[in-house]
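Take a look at the structure below.
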């Protein structure tokens, strides 16, 4: 079976493993207070052109999301998210575990708009019973989204403007950010993220690390005491340097960008193959996720050799399927897959 | 500076790293549903002689503690712990974050007794206002404790008996269990732990893994839906196999025991050196932690070359200090240290 | 201004006040452990034909809802509710404050169906990532609903059957139950509620008490230690007898039913008036809430003399409005209103 | 049986009941947004000489405490309290239910000192692992304390000074404040409380109301959005005017002070009787609680006619007992009791 179902099937890029091996015998302080974490944080600040930003390193995405939201909101506040957002559907209530409601907005393609956000906040304040309703306090976007779609810079800027006008924190979940940065036509950059958001994550797990998410915080109100929050959420890794070291490896010579480009290129080959045989895509997803609409017969045929998801049944016995490439996708596997697609 | 302040200054044992490297390119399912995790769980069941136990793998100890406690207790219940217990003082309120109170009992040497537990529960039920008071629902022990002390098998058995009689879950935090199992004279074994507790952890982080704690659950009431709880607490590692692989390496040929024995032997050399110069130990700690009582001058002298903690000031300008050995402690470093101790 | 906007504009029925005055100087135990609470609980068990049920008395509805849900669910579980359910939209996240997600189902008329519930649960268990998703653990209905609609006995029975088949607790919020029991054609009775639900509330606040909600629990799993949960949620009234006394007054000679009948009769007069002038109702609400669809001009005209809500704008400058009668509605006020409606 | 066990055995003062009866048929807005609550809040601001303070009215003390603490603290912060504090021992973990740890300080007489507070905060920041430890964020005092003791104005001022220096909120629980204000020699006044604390409560339940606690907030950081917090905690009474009306009755012509003086006078008679026969008091409690140390025989004798608590066993078969007077204590009951004491 050749795996195209997610971007965390393999271990780590060789540079990451090498770094860990080379430094294995060194003795350092624990809990992220070592020199490697400091270097990695400095490198992130530099790439983000955000000299005052904090960068923290956590093990996983759900942990990072819950910690950020818990650090930012007061108890009666909730977080606006697309109804398909990861925090809304795939974290077993980790946000509710902190007492916060996820306030969902419909978003057919995984995205929400500045107008939707403004309307939701205006509706809250216009309701005479507003104090009986969870107050929107933050906006959560993912970039790329769960459906592989991307925000344009103009969209991000407009959302940022609305958030500041309406006193909402803006949080961008970048679990797949490496692929968002590398995607063709994408114009959201690290400095723009740092400038437009109050906090964002930059995922390592899906981009060549064994594990690790960087949390980049530009708003001091969220940054204050953030390490307490990390510890409280069980996210303070004893051998914290493992996170710093991995990010150093990924950021060195823009390795994360090369890995992103690789995944995007492989996704492009698969996209072209589906297009060539007239199989439509459910979403316009320029990053590393593809959502072809397959008939049952087509899905059955491909599933004999390839692992991928059928995420939603449609009418006429069709399905929205999901194919995912990654830093580790082997071109020869894509070669096989595209050949088989062309036989559909 | 030579580090004796904790047992997580270095990376991982070479066998652990080798396993990770060798399997790096393999594609497996995520979230702990891979074959390596299954094998490691099976191996743990076998070592524990507990064929029906569940074994789950989490990244860190605070996370593991909070997840276990959250899985076990109803909202109005709390967990009894020594006042020095890790959950009571060093987890930034991770247990309270789940809504549970840590009910502390005094324990001069880090241990609590069956009699104390029974008295606390009896006092609860004897109070006419018992419904206004957090109900004890679980007992938390650590073995070894924060002060390096160990429970004898007889003590564990008696605590277990009381817990069952009083309807309390018994949870043993084994973050340093490898050293507890290897300590001289220790008679608590894995099968006894599995038999006497409802749940215990078996730490990898401090015993040669990069990271990882195994949670071994023998009580089905806690085991039910435990993976939901892991995810909710942000503890479900995407590349879950990294945890299974590391535990496989540690459990193979009883590597964890060899590593434990090594640390115990090195601690013994240091213990002997302090004894030789008449420096007393604050606690009778047979595992890998030593708590010599140093004068300010002695501490200052040793701190010029060695990192260790001064954990508590005493009268007469003296301190309880803490020295820690580990799987990675180099005998030549111990040689230097003991030579310097003998000069005190 | 004559008030038709809710059923808690006035104080309490005279019998309730009289009871409180007559017993004012008596000395009783606090916290609901007095004889009046015991008598009221016994009376409820008798009316419900549920000799083993527990009845507890809390001050308010949001408090009662949160306490019940917190007592019933494990941390990773959520509660299914109509998207218009009170817990979903009007309790400022009191359910999320206990860590639980409200899992909403669409319900145009405020109701949800057994088929929707079954489908939601089946979908959960069919998802390969089910452990990453909040598990449905309870169903929350309100009767009457927020939109004044009622469940038929057949509907309640079918929902109850599905809940038991799917291992979900069934909770009915009866903040306006007095009006649901009195409504024309309603066939859900107290004994049926006790038989079909695991827990339900019977509201006093909106039915002639100063305040007070009875929580009736038939499932021992929820009943266990429930008083701890009340205290923990800040709901244990020091002078608990005030609640028992009020419910005794309401239950004596079926006063609650007389009060319910009064409100239903007054609502019927208003309903007839709207029908007479061809103003449609948005929902078929046989209890004490009416939702006529008014033009802006009609609403403006009526609002010069009457307080009522405009709850939803429609197209063509029309609104769904809400009129509410109660135990305290004065027939002469209804006379005025219906005369004015007939002028529309 | 004559009751001396608490100050909430009876209903309400006649003025309170009369107010409720007189206004019973009026129609007002719900949820505390009526004119009576506004008047009561204004009256409190005036008595406190704090024109910018917010005053909110909640039903009960546990609810008020949890809501205030939840409004004030960030998740990783805890609240310093005497180990006998109500929030520490008698609220079934209501503070932990909001995720906050109660950080207890020893206080033999129910009080804590400015020096203790300063030391606890200094110790926190001096610990190299401070981020692993719950951060003190608030100080909770009760006045009178659970042991009937009072803070002097000098003590309160010094605690306030330390709190401001150390960036801690200061919260005074005044469930029995009426008795604290009336106690002989007490020099803490309402204006001083308003000036020295960030928030305090002023209890009605124990001072002649049916129920009700006023929360007075002078710090805008806690006041912001406080009504959301009230609702979220289930504390927003539908017929909110009942609270405003009761406080208006209590504050009118300083009724609360008269009631306080009455209770203090009755307590004084009992205190004198114990002194006359040489029975010592465990604490110097000038308010309405007395803690005589009784032998078993003495306690048995008095318990044949009087209800009071034995709160702590001492050696030699003696007990610390608790007698409580209130606004409702009848002088003839005190006459009987003092006569019987004199026979001991």
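The letters A, B, C and D name the chains in turn, as written, and every chain counts its residues from 1.
One rule holds for everything that comes next: a residue touches a chain if its C-beta (ideal position, glycine included) is under 8 Å from a C-beta of that chain, and two chains touch if they have at least 3 such contacts.
Small disclaimer: the values here were computed from a predicted structure and weren't measured.
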{"item": "Chain whose Cα centroid lies at the greatest distance from that of subunit C", "value": "B"}
{"item": "Chain centre separation (subunit A, subunit D; CA means) in Å", "value": "49"}
{"item": "Subunit C and subunit D: spacing of chain centres that average the CA atoms, whole Å", "value": "34"}
{"item": "Whole-Å gap separating subunit A and subunit C, where each centre is the average of the chain's CA atoms", "value": "42"}
{"item": "For subunit C, residues contacting two or more additional chains", "value": "75-76, 91-93, 97-99, 131-132, 228, 231-232, 236"}
{"item": "Graph class of chain-chain contacts, one of line, ring, star, complete, other", "value": "complete"}
{"item": "List of subunit B residues in touch with subunit D within their complex", "value": "75-76, 78, 89-93, 96-97, 99-102, 129, 131-134"}
{"item": "Contact footprint of subunit B on subunit C as seen in their complex", "value": "31, 70-71, 74-76, 98-99, 131-132, 135, 225, 227-229, 231-232, 236"}
{"item": "Subunit D residues touching subunit C - in the complex, by the definition given at the top", "value": "2-3, 6, 8-12, 14, 17, 20-21, 23-30, 59-64, 66-67, 91-94, 97-98, 205-206, 210-211, 228, 231-239, 242, 328"}
